[in-house]
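Here come two complexes built around chain A, the first alongside chain B, the second alongside chain C.
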Partner chain A sequence: MKKKRYLRWDKQSATTVLYPVIFGILLLILWQTQLLHKLLGADTFALPLPGRILRIIFDNGPTIIENIKATVMVAVGGLFFGSILGYLLGIIATVFPKWGAGGLSIASAISAVPIIAIAPILNNLTKDFSDVANVRSMFAKTIVVTITCTAAMSINAYRGLNELKPYSLDLMKSYAASKLTVFLKLRIPNSVPYIFVALRVSVPASIISALVSEYFAEFIIGVGRQIRENIVLAQYATAWAYIVVACAIGIIMYGILLAAEGALLKGRK
Partner chain B sequence: MKKRTGSLTAAALTLALTTAALSGCSSAPEKETTIATTVAESTTGKETVATEGAKESASTGKYYSADAKAKDIVEDAAKKGKVGNWGLGNEYEVQALLSKYGQNTAFLSQAFDMDGFDDNSILLASAMTYNELGLIKNTYQGGYGYGDTVNFIDMNNEGVAMLEDNIFTTKEFASANPNTVKAFVSASMKGWEYACANPKEAAEIVFNAGSSVSSEHQAYMAEEVKKLVETDTKGNKVTELGKLDDEALQQTLDLAKKYIKLSDSTAAEKLQTLTLDDFRDASYWNDAKDGSTLGKPEKADVSIQLKWLPQAQFMGYYVAAAKGYYKDAGLNVTITPGGGDIGETTAVNSGQVDFGVTWDANLIAANAGGMNLIAVSQVYQRSGLVLVYKKNK
Partner chain C sequence: MVNVVNFEEEFKERDASLPRETEIIIENLSVNFPDKDGGEPIVALSNVNLEIKQGEFISLLGPSGCGKTTLLRTIADLQEKSSGTISVRGLSPREIRLQKKYGIVFQSPVLYEWRSVRRNVCMPMELLGMPKKDRTKRVTKMLELVGLMEFGEKYPHELSGGMQQRVNIARALAIRPEILLMDEPFSALDEFTKEKLHEDLLRIWQRTNKTILFVTHNIQEAVFLSDRVVVLSPHPGRVSAIVDIDLPRPRPIQMKETQEFNALVSKVRNSFEGV
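What follows is the complex of A and B.
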């Protein structure tokens, strides 16, 4: 019985993968044969053919990898610091429940600040951080991503640490468990799925904020910055190549997250 | 009530904790980099002392002596990695200068204000004579008030000048509407002539047309722009405004081929094959100057996309509109201001606007990328880009 259910699920997952892939291939064929251009009324200048875009990616491997490194470092670094910070805030809010709600609404208010507004300001604030432009620029970009990622994690961590199954807390109390034990044995394990809920929001957000903060950075590097530079220079094919790269980074990082989630939360629910 | 104050203190505390944690997070990597930079600092410090000691005996300081040579300044600033430019196609002259003195062509991304120059994170900053240089020197609104304590390196004197503001359109539009192009060039040049003869009035016209900067800065800008329109790269007076100076354009093209780096191999190959004929056509300007051969414009409603915000940089067009020169030529002209990342080449190429103002390097890059644009008039006859630096007291 159980085995059968597994199999059916596999079939379903196969189709969920297959349909988008078929759609993607169809879109690429339409694009390469320029039918898409006729449909959208675009020319091959603003919407270059996939073949040309791919060739630019292959021709410029080292340069593109260098830019990817810069972007991923900022995104992952910010995601890491932001998530840890967010989780700590969630813990603090749980330990001091009276203050918690107020504090977290401030954290989410900070996240509502449009990133475009804080990126140039952070550039000025971090000028003394290092004499090397690339280093201080990386630092400024990472802070932007950190701020973005903190909010999602803090709110979800707070929920994960507090939305316990009603009977479980009573059970712990009946065992006369200390607050620390409740925390370690009940609250923290309970918060793990919520961490992934937060990460599902903040992984794409971290990449978007890394790309955008590069626009304003002092040091010219990164996938986002290359998109901007090339569009201004009317090099649309190259800009598209970097857009494809940016999409790939996003998809891969999200894929890694889903794989990690699948591995860690196996057997839950 | 009690609860309320409780949550307020909570809010304050969490904020404090956030900042504390933020700075805590940063302190770890900070330490590492501080070590790295102190090493770097001490070596560059030695270098500075050595070079400055060699080239100047009278004065020492963190900036440059009043009689320092361009070569020494560029070398020092480049070694410290403190040469700034806005990038986005404005960097080629700076890169050409850096190469001329044997330096790496890397530069810092400069914001559209001069704060980086002000706080010394950029020692050798890019500035347009008519805009940023005025802001650095002058004390009016938005100015930094450096006065004569700054000096600059002029791209024209260094032989790395590339031509800037032109009037361009697509080849297609020009061949379909030759009379419109001629009429537009002719009327615009009348506007520029009047503006250069009466810069104060021109500045006022621009200011009233919806200015992005103060009227004092507009007046300063008009005076400086006049110099760029009326003087060529060699410092000679230009009598025929808007002429396509082939010698200067060729220098622009040569430098463009050397310093425009395109990742798209198709575009990069095409860039190397471009000749003057691929991005400029003097026939419209020649006919416009004649005046006698001007026919009825095929298209009366035309628009021009500026490269930047409304300012005296574009005073000729605003004057031509205000003085009715466009109307006299049978045209109804809409002036569309630019700013930020506006791609004037894309706007013209896609047909959103008919004419545009851009730098010739941008035009060359766009044509290499597959556009078919031509400059029909070269308004600025010399480069307005300078690298500004502070002088030691």
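What follows is the complex of A and C.
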């Protein structure tokens, strides 16, 4: 009886996957055959061929993995702390409704400050956090990601905790349910789909802010930083290798998110 | 603590010969809503007097804006009254609500979409801290009562509107309320489903001996179901008549074609004022 609806393979989902894949393969063919270079007026030095980029990835496996680890730690760490902090802010805003909505607009205003502006400031603020450059850089980068993820989660959590079906609060009241019970039995379960709405924004955002904050970090590590370093050294092929890796991280993390969402929300509409 | 459910006692057939005690007394009840722009308050209910006996099936009938839902919500303690008194079994509506003696069926089913049908029906019992074993038994009994035995593991969105409303009724009855308050429960359903649910509701009422207050804007529905129809008229909301429905029970659907039935429908229709 129970269908795994998140894995259902119908015509529509087939085309939503198939068309982008066909487009990607077409692009790769144009790229490898250098037709793309002719179209863009580029050369193979600035835009190396896919084969060469792949070879660099395989040749530098251990180094690349080291950098991936640093980036993923920052992205996932910031995503984790930011989402929890955001959810807590959503709860606080719900408990104190008079201040709640206004407070959250301030939170979203802060998140609108560009990462490029926040990152150097945080580097400076956290310079006494540790004697080890790597540790204090990781700390600063994680905070940047945390800030980015907090805003998305707090606004969506607030909506999820408050956009209740008509009469559902009355129903709880008719059973003389306490505020805590209303939270546990109604508001929090109601907010679960909204958590995923937030994560759909903040998972890609966490990776982007991790990459960008690495640019400004004191310690040289991370996929984003390697892109920059290699461009500075005019090692475009290596830079492209890291760009490919960055894309892969993003796609894999988003894929994990979608799988988790499908598994957790399978009972819902 | 919650009493362990005694089904035999709960589902005994009603004995019509027993005298019924007065359960709800409403005297000079008025409810005003403050005007949002700071003007004169809107009078939703004005000077309502009503006595309801234990085990009665009462309909609150009227057009929109007549205050029928407000009256129900005030009895349920979901709405503050402005003046007058409501006494339910000698207590205030709030005390009755805190004792969890009300079962409320809202206009929309208000099922939690993250819970299966069984767990939706179970929800109020969880709030009451009923032991798990009793809950499971009770849920099964309730689903049987509303004819949804095979649908326990389904999720609300997999059910039709009529089935969702049955779950709603099962949930309301789950904690054995003394008084069932129903706010236009069938107004969103099609005519066929509605008739089926009318029969089911009367059967459940017959078996459980609850007092039912049933809000509706459908005259036939009110006449078919009720012992008495309280006719409310708008501007301001007030009771303009109380019509006794002395049709015999059990009432088959065919009763709707009889002369007596139609006479009562006209009588009710003619008692509206200012519509």
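Structural remarks
The definition used in the following text is that the second predicted complex is superposed on the first by the 260 of 269 C-alpha atoms of A that agree within 3 Å, B and C clash if a C-alpha of one lies under 4 Å from a C-alpha of the other, contacts with A are read in each partner's own complex, and residues count from 1 in each chain.
Please note the rule applied: a residue touches a chain if its C-beta (ideal position, glycine included) is under 8 Å from a C-beta of that chain, and two chains touch if they have at least 3 such contacts.
This one's a predicted model, so the numbers in the text were calculated from it and none came from an experiment.
Considered on the superposed chain A, chain B and chain C are sterically compatible, since they fit side by side. The vertex angle at chain A, taken between the C-alpha centres of chain B and chain C once both structures are aligned on chain A, is 160 degrees to the nearest 10. When the shared chain is aligned, chain C comes close enough to touch A:176, but chain B does not. In the superposition on chain A, A:168 contacts chain C only, with no contact to chain B.
Once the two complexes are overlaid on the shared chain, A:135 sits against chain B while remaining clear of chain C. Residue contacts after overlaying the shared chain place A:66 against neither chain B nor chain C. Once the two complexes are overlaid on the shared chain, A:189 sits against chain C while remaining clear of chain B. Between chain B and chain C, the partner in contact with more residues of chain A is B. By the document's definition of touching, of the two partners only chain B reaches A:100; chain C does not. The superposed three-chain arrangement places the nearest Cα atoms of chain B and chain C 16 Å from each other. Residues of chain A touching chain C in their complex: 1, 165-168, 170-171, 173-177, 181, 185-186, 189-190, 192, 267-269.
Across the interface of their complex, chain A is touched by residues 3, 6-11, 13-15, 17-18, 21-22, 25-26, 29-30, 33-34, 36-37, 40-41, 81, 87-89, 108-109, 111, 115-116, 119, 121, 260, 262-267, 341, 343, 345-346, 349-350, 362, 365-366, 369-371 of chain B.
Chain A makes touch with chain B in their complex at residues 45-46, 52, 55-56, 59-60, 63, 81, 84-85, 88-89, 92-93, 96, 98-107, 110, 120, 123-124, 127, 129-133, 135, 139, 143, 146, 150, 216-220, 228-238, 241. Residues of chain C touching chain A in their complex: 73, 76, 78, 97-98, 100, 102-104, 106-108, 110, 112-116, 123-124, 126-128, 153, 155, 157, 175.
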